[in-house]
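Going by the order they are written in, the chains are A, B and C; count residues from 1 in each one.
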């Protein structure tokens, strides 16, 4: 019994690492811009399709296509921020919410229109290789995905701490107005943070492509979990996103097996609501990011 | 209610933001019919004190009593309905409503019907001098007009004690004079006032008593004349060599 | 209260407006008498139904400022409650509707209490989460809802069963529903609750400081919105006679309501009606024309319109027209 449980735990942790990677971008975007990007999952979907087409048309392995997908994601993020998000900053929340929601629906349906709803699998160079860890087995591609996700997320920490842009980003998270007074071009921070978040999602896409087929609404499955992770980990907290991702991965894995696969999403939602009610700051975040100033 | 018991009483009120102590063991009181001025350099904790009194921030320690009733845990709207009303330092108009509707909304909170609240609102607007702008969008007003709207709204809510937060900030001299006359008429209507202000000449001339805050502590309290001479106050504000001019606006 | 543009209408202008309303209402009422095409009836019923549901959403989203993208939850509670009570217990839908409405209101109170402290985007996400929870529950609680097999409401013609042979009675009922909603919202605008909702929306702190219990206002706003949305849901069930969790508790329903309001004019009484008149016939025509072949295309167009409108015309049609009228009058 404990062997099966351990195996479940392991798969949960592995996929959780990837959830963490997807969520890191989201948590930074929210921390810096104070907006919710409903189209985040669709960015993942598009990067996954790009990975698919690069393989079908040029025979590229997903890890190789990163060379193109990563910069393309970054640029795409810059464009979206400038065209769709920027006009909405400073206006009521409604505007950005609907704009990104509209973008999400638009991208999903464009994909549906262009490429139908068929599932498109991608073959990774590691193929069906399995890694052995003690008594446990894991899909090699998933293992790689986990390692890269954790590696990149952890590498972000010193980057945020010591580079000029990292400091500008953190300053903007803490106090946008003061950051402006200190000479930080806050709008440039917005654009680059959004682009960074999108690029991270592009990376995640290439990592999970060998394990998950892509289809127009694949984004939905991941983005919902990403929001749960962001709230669980604490807004604006990078280590929180990783930790939250792993927690959610484990919850999903365990509930999927022990209770029912169709209900595992339900449990993620319940976790989401529970966190919002019991501990809105999440594991590592700040209360005032989520709650209104005086809460009674 | 005994004539001696103060309308508002703070005892040992402390407010902390993490390691920063914004208000430290503040005790003060406002008696019925008084105008108490609250002054102090920026960052002294004046608006924070207003936030605590009106229920927007919870105090870490201390007690606040209004008309003898402990306010602990009462939400701002409940305090307002009991007659403890405030204005905001940065005016918060209901932007997409007309000036009249802004004041009507405040009047409705007391349980009156819409027609009654409208009638009362027109009266209040006439009192503050905004009746010509009754139909204008609140978000289109000038700073001076917004401050008057803040006062009008507060008035419509039926205050016994009105907390004014820098109602004169950003106003031109003529507007300041007008606001001062308004404030004195408020007192004539029986409304007690606790008033934060930086326009020294106005507040020192009109207030009965002055309380001075500095770095979260109360450093002085007394008549305007006494406070103006208090060395601790002078040092806090201006360094050691200066005299506060008196009564240019009175 | 005048939500957009100050200054009340003069007596003469009000007379014109009333006349325009009556004319429009009579015109709409005449359509079912004159036109026999079933498709037109369908479109008209759907338009009025969505106008009513969007009006209900508007109370929470437009007037109270509580943006929800989970209103399908209330729609579904209404639809399923009246249908299950009818199919399993023989309760007339007229009564079942009311039960559904009350249940929806209670659920709304639950959501509000749980989520009221959350800032904008988080409240919005939480509403989505609640709707999704209900969807999954409905999908899995087969004994109650028949799950993904769908719940079929057996047709037994009778006015008491809220079932009619032709489309015309449904059309008139839909007209009544939509007109009733618009009138209710109009009345709300002028009532103390309306002022309290709008004040809470515009400046929550200032509203509190004025003596308005903003928590209570938000809860009541949401509950009222839920109640009315559930009524629309029951109507939907009675007309289509088939319910499936994926359709009813869907994100498509949840997003249709705010979309209609944004395009028509959020926070105005007539906005949802205008928005529905614009969107629903257009999308039904598009769907009929393009069909499944280009299924993604029509939603793409939809979405693009939403993005453009919300970024460049956030006050919707009513706002744009209102401004034009103000400039003309000046």
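Definition applied: a contact is a pair of C-beta atoms (placed from the backbone, for glycine too) under 8 Å apart; a residue touches a chain by one contact, two chains touch by 3 or more.
Computed from a predicted structure; not experimentally measured.
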{"item": "Centroid-based (C-alpha) most distant chain relative to subunit B", "value": "A"}
{"item": "Chain closest to the middle, measuring from C-alpha centroids that were averaged per chain", "value": "C"}
{"item": "Centre-of-Cα separation between subunit C and subunit A, whole angstrom", "value": "33"}
{"item": "Subunit A and subunit B, separation of their C-alpha mean positions in angstrom", "value": "48"}
{"item": "Interchain centroid distance [CA atoms averaged], subunit B/subunit C, Å", "value": "43"}
{"item": "Where subunit A touches two or more other chains at once, by residue number", "value": "293, 296"}
{"item": "For subunit B, residues contacting two or more additional chains", "value": "55-56, 75-76"}
{"item": "Per-residue multi-chain contacts in subunit C, two or more chains", "value": "205, 215"}
{"item": "Residues of subunit C defined as touching subunit A within the complex", "value": "67, 69, 114-115, 117-122, 124-126, 129-130, 132-133, 136-137, 139-140, 204-205, 215, 255, 258-259, 262, 266, 294-297, 299-300, 302-304, 306-307, 310-312, 314"}
{"item": "Touching residues on subunit B, where the partner in the complex is subunit C", "value": "54-56, 75-78, 80-81, 85-86, 88, 92-99, 101, 104-106, 108-110, 113-114, 117, 135-137, 153-154, 156-157"}
{"item": "Subunit C-facing residues of subunit A, complex", "value": "30, 35-36, 84, 87-88, 91-95, 97-99, 101-106, 108-114, 216, 224, 227, 231, 260, 262-263, 265-266, 269-270, 272-273, 276-277, 280, 289-293, 295-296"}
{"item": "Touching residues (chain side subunit C, partner subunit B) in the complex", "value": "1-8, 190-192, 195-196, 198-199, 202-203, 205-215, 267"}
